[in-house]
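In the part that follows, the structures are each spelled out as C-alpha cells.
Below are two complexes that have subunit A in common, paired first with subunit B and then with subunit C.
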Partner chain A sequence: MTDTEKKLQDKAKELLEQGKVEHIIGYAAGSLKFTTTPLITKDKDDARQLVINPFIVNNLSVFLNDIKGKIGIVAKPCDARSIVSLLQDQQVARENLVILGLPCQGLIDLRKVERLTGKDRDDIDDITRNGDKVTVTTGGKTQKFAAKEVIFDDCLSCETPTPPEYDFLFGEPSSATDKELGRKNIKELEAMSPQQRWDFWKQEFSRCIRCYACRQVCPACFCTRCFIEETEPQWLSPLPRWQDNLLFQTTRMLHVAGRCTDCGECERVCPVNIPLRSISKKVEEIVDELFQYKAGMDKNAERFMTAYEPSEAEDLMR
Partner chain B sequence: MSQESKWEPKLLGFLCKWCSYAGADLAGTSRKKYPANIRIVKIPCSGRIDPLFVAKALRMGFDGVLVSGCHPGDCHYQTGNYRARRRIAITKRLMEYMGIEPERLQASWVSASEGDKWAQVVTEVTKGVKEVGPNRLFDDDGHRKEAAGQS
Partner chain C sequence: MKKIKKSDLNKLLSQWQQKYSVFAPSNHGVVKMTAWDGKDTTFLDWYRNTVVPPKNNFLPGMEKMFDIKKDAGYKLEVTADDTKQLIFGVRPCDARALALIDVNFKDGYEDTYYLNRRKNGLLVGLGCTSPCASCFCTSLNIHPAESQDVDVMFNDIGEELLIAEVTDKGKELLAASSGLSDATAADEAKAKEAKEATFKKVTRKINTGEIKERLMPSFENEEYWKNVAAKCVSCGICTFLCPTCYCFDINDEQSKGEAARFRNWDCCSFAVYTKMPMENPREEKWRRVRQKVNHKYNFFPMIYEQIACTGCGRCIRQCPVNWDITQVLSTLPEKAKA
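Entry: the complex of A and B
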C-alpha cells in the first residue's frame, strides 16, 4: 500500500464515519491481475479495500445518477471532467458530492504491454510505473518501457493531469503525454479518401453486436430513454446491421458532443474492439475547433449545446 | 447511362413553422417555380433538429437533407436557430470524417417573406446534391462509384 492509497482510505473512512457521505465510490482490486473493479460501499471498513494504481480505468461518474444521498467519489481528471459536465447538466448537485481527486499519470493499457512483450497477461508477473518508465517483470526477467509506449491513447492526448474540480487531492500530478501519438488513428483516417473512410467504418461496424455497453458505460449518456429504443417512431432498426450500427454510434457521439471528455471508456468496454475513440476524440476536436469549447472544465460555464454566439458558423448557412 | 441521366435527387426538408415553412408557402402562393425534388416536414422550430433526423433520412434513402429556419435574431423562441446551427455544424463535420458527403446536409435561413429565396435555395440545393450523386451509402454490396451506374 502506498502513502497516497493510505491517505485516500483514511479520508474515505473518515467521511463515512462522520456521516459526511452515505456512499463511497472508488476502486478495489479486481479478480484478475492488473484489473480493478468499482467499489460502492456504505461500510467504513470497506474503505481499506480502496486502491490507486495505473489500472483504475473505470469512469465512476456513471454511477452518480443511480445512487441517492451524499456521495464521496474517487475521480481521475477525466472522470472529474465528466462530473463537472453532469453538474452543468444539473444531473447531480455539487453539495451532494465530495470529490476525492486523483492526479493522473496516464493509465496502463494492458493490451499494449502484451503486444510489446509478446506475453499474455497471465504470464506477466508485475508491472510497475516509476515516473516516465514502466517496468514489466515476466518470469524473473525485467523489461523497461517508456510510459508513452504503454499508456492508453486517450491518456496520451490528455490535457488535464489534475482534476478540474475536487475537494481533496491525493498525490502529485505528472504526465507523459504525446498529443500526436494520441491521435494517430485519427490522423490515419484523415489521410484516407472519403470512400476509404466509409469502407473502414463499414467494416468496423459490421462487427458491432449492439450490446450497448458503450452507452451504458458513458456518463454523458444519462437519458432515461434512448432514441435507439424508441418504437414510435422507430428511428433506427434494433437489428445489428452495420448500417444501423454505424448510424446509432455516430448519432450517439453527436448527442454527447460537448459533454464527452474523451475518457475512452466506450472503446475499452467494446467487446468487439471497435475504435470508438477515433470518433469521440474527433467530435471533441470538432467542438473545440469550431466553437472553442472543452467539455467538463468549468462547472459554471454554459453548456455547449445551449450556448451560442450570434455570429458563429455562419459560413455554412445559405 | 440513360438511366442515370433520368435520376433526380430526393430531398427531405425540415422547415421551421414560423419562418421557412411560411416562406415556402409564400413561394407557392406567388407561383414561384422550383424543383419538385423536396419533401417537406414541418417542425416547430429549427432548434428541434436532431442529428438523428439526418441519420434517419439518409438511412431511408433520401439523397440530401435541408434544414431551414428563421434568420439569426428572428427565432420565435429566441435561440432555437442558434442551437440548430451548432448541431448542424458538428454534424456536417462528423459526416465528412465518417466518409459521408457533407453536401448531403444543407442549411438555410429563410424568413416568411422570402418566397423568392426559398425557390432559389431549393434550386441550388437540388443542383448541389445532383452533383454529389445518388445516396448509395447503405447499399450492402458496397462501393458507391461502382454502383453509380445502376438506378
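Entry: the complex of A and C
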C-alpha cells in the first residue's frame, strides 16, 4: 500500500463513518493480473480495499445514475470531467457528491503491452511504472519501455492531468502526454481517401456483435431509453449488419458530442477491438473547432448545443 | 492413433477444404474461427482460445429464418444452410458447450436451423497447452486437453500433432485423409505427459457441490444479489461471448412486396430483454444478474442434470468491470438447512 492509497482509504472510511456519504465508489484489486474492479460499498471496512495503480481503467461516473443518496466517488481527471458534464446536464447534484480526485499520469494499455512484447497478459509476470519508464517482466527477463509507448491513446491526449473538479486530492499530478502520438490512429484515417476510410470502417464494423458495452460504460449515454432500442418507430435494425452497426455507433457518437470527455472507455471495452476512439476523439476535435467547447471543464458553463440565441444563423431554428 | 508434422498441417487442412468449408482460429481484429485462408497455420504458435466462441458457427450472431414474397402468393421460403463446416482447433470447453446447446435445442421443439448446422458440421478439437488465468474447466469435469465432444482430437506433442478419432464421423474423415503417419507408443506417452501438465496449469477452481447446496437457498437473499450486481453494467459481453448461452431475439423486416424474419443473439443482462413479446420481468439489474448465474448453475441443471457452464472464462476475462463468476459462486451466503 502506498501513502497515497492509505490517505484515500482513510478519507473514504472517515466519510462513511461520519455519515457524510452513504456509498463509496472506487477501485479494488481485480481477480486477474493487471486488472482492477469497481468497488461500490456502504461498508466502512471495505475502504481498505481501495487501490490506486496504473490499471484503474473504469470511468466510475457511469455508476452515479444507479445509486441513490450521497456518494463519495474516486475520480481520475477524465472521470471528473464526465462528472462535471453530468452536473451540467443535471443528472447528478453536486451536493450529493464528494469527489475524491486523483491526479493521473496515464494508465497502462494492456493491449499495447501485449503488442510490444508479443506476449499474452497471462504470460507477463509484472508491469511496473517508474516515472517515464515502464518495466515489463516476463519469465525472468525484463524489458523497458517509455511510458508513452504503453499508455492509452486517450491518456496521451490528456489535457487535464488534475481533475477539474474535486473535494479532496490524492497524489501529485505528472503526465507523459504526447498529443501527436495520441492522435496516431486518427491521423492515419485522415490520410485515407473517403473510399479507403469507408472500406476501413466497413471492415471494422463487420465485427461488431452489438453487445452495447460501448454504450453501457459511457457516462454520457445516460438516456433511460436509447434510440437503438426504440421499436415504434424503429430507427435502426437491431441485427448486427455492418451498415447498421456503423450507423448505431455514429449516431451514438453524435449524441454524446459535447459530452464525451475522451475517457476512452468505449474503445477499451469493445470485445472485438473496434477503434471507437478514432470516432469519438475526432468528434471532440470538431466540437472544439466549431464551437470552442470542451466537455466537462466547467460545471457552470452553458451546456453544449442546448441554448439558442435568436441572432444565430440557423434558419431551421427560427 | 495417427500423427502429422505441424509443418504439414496446412496440407491436411487443404485436403479437407476440398470437401468442407474449413474454419480455423485467426486474429483479424479479434480472435475467432474464420474461413481458413488456405495456408496460415501460425495460430498453432499463439492460439489459446477464441474470443468469439465457435457457437457463432452454429448459432450465428444473426441469421435469416425465412422469406415471404407477395408474388409467390405469400409463400414462406425457409432458409436452409447446408454448408458443411469443419471447425479446426475447437477447445474441449467449447466442444462441451455445443453439446450443452444441443440438449436444449433438441428438447421438445427441435431447432432445425441450429441442428442442421450441427449435423453438417465436423468439430476437430485441439487440446490446450497454455490455459488462461481465467480458465476453470477442470472444476466442471472438462479436461483441457481431452474431449469426447469433438469428432477428431488433436494434441500437441512438440514438432508433431497426435490425432485421435472420437466419433464415426471423425473416423471417416481420417480414413479419407492422406499424409498421416502412425503414432508410436512413445508419441502417445508424450501426449499423456503433456495432457497431465496442462491439466495442472488450470488453477482457478470452483466447488460445484458446494454451489449446488447454496445457490437455491441464496436465491431470495436480495441484499447479496444487489451487492454482487452493483458493478455490472448490463452489457452483452458475458452472454454473447459465452459458448453455452443460446438466447435469441426475433426481428422481421419488410420491404415492398416482401418480408423476412431474422434471429439474432439476445441476452438476459439487457434491460430490454423479452420486451418484444411482453415486458422484462427483471427490470432491476440485480434480478438479471441473479438470473444469469442461476440459469447456468441452477435452472439448467434442474432440467438437464448438467451445469450450463464449461469454465471457459470468457465472461471473466472480457468483462469490462472484471465481474468474476467464480468469485460470486464462492461467496454464496446461504446454505440449505440440515
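Going forward, the second predicted complex is superposed on the first by the 306 of 318 C-alpha atoms of A that agree within 3 Å, B and C clash if a C-alpha of one lies under 4 Å from a C-alpha of the other, contacts with A are read in each partner's own complex, and residues count from 1 in each chain.
Methods note: contacts are C-beta pairs under 8 Å (C-beta built on N, C-alpha and C of every residue); 3 or more make two chains touch, one makes a residue touch a chain.
Being a predicted model, the structure only gives us computed values, none of them experimental.
Judged by the touch definition given at the top, the superposed model places A:Phe34 against neither subunit B nor subunit C. Of the two partner chains placed by superposition, only subunit B is touched by A:Thr306; subunit C is not.
In the overlay built on the shared chain, the residue A:Phe168 is in contact with neither subunit B nor subunit C. Using the contact criterion defined above for the overlaid structures, shared-chain residue A:Leu246 touches subunit B, although it does not reach subunit C. By the document's definition of touching, of the two partners only subunit B reaches A:Leu236; subunit C does not. Residue contacts after overlaying the shared chain place A:Phe63 against subunit C, while subunit B stays out of touching range. Looking at subunit A, you'll find no residue that touches subunit B in one structure and subunit C in the other.
Per the touch definition, subunit B reaches subunit A in the complex via residues 50-52, 55-56, 58-59, 72-73, 79, 82-83, 85-94, 96-101, 106-109, 121, 124-125, 137-138, 142-145.
For subunit A in complex with subunit C, the residues that touch the partner chain are 30-33, 35-40, 58, 62-63, 66-67, 120, 122-123, 203-204, 207, 209-213, 216-217, 229, 231, 237-241, 265, 268-269, 271-274.
Listed in rising order, the residues of subunit C touching subunit A in the complex are 29-30, 46, 48, 51-52, 61-62, 130, 132-134, 230-231, 233-237, 240-241, 249, 251, 253, 262, 264-265, 267, 270, 272, 275-276, 285, 316-318, 320-324, 326-327. Remark: subunit A residues 189-190, 194-201, 227, 235-236, 243-244, 246-247, 250-251, 253-255, 257, 279, 282-283, 286-287, 290-291, 304-306, 308-314, 316-318 touch subunit B in the complex.
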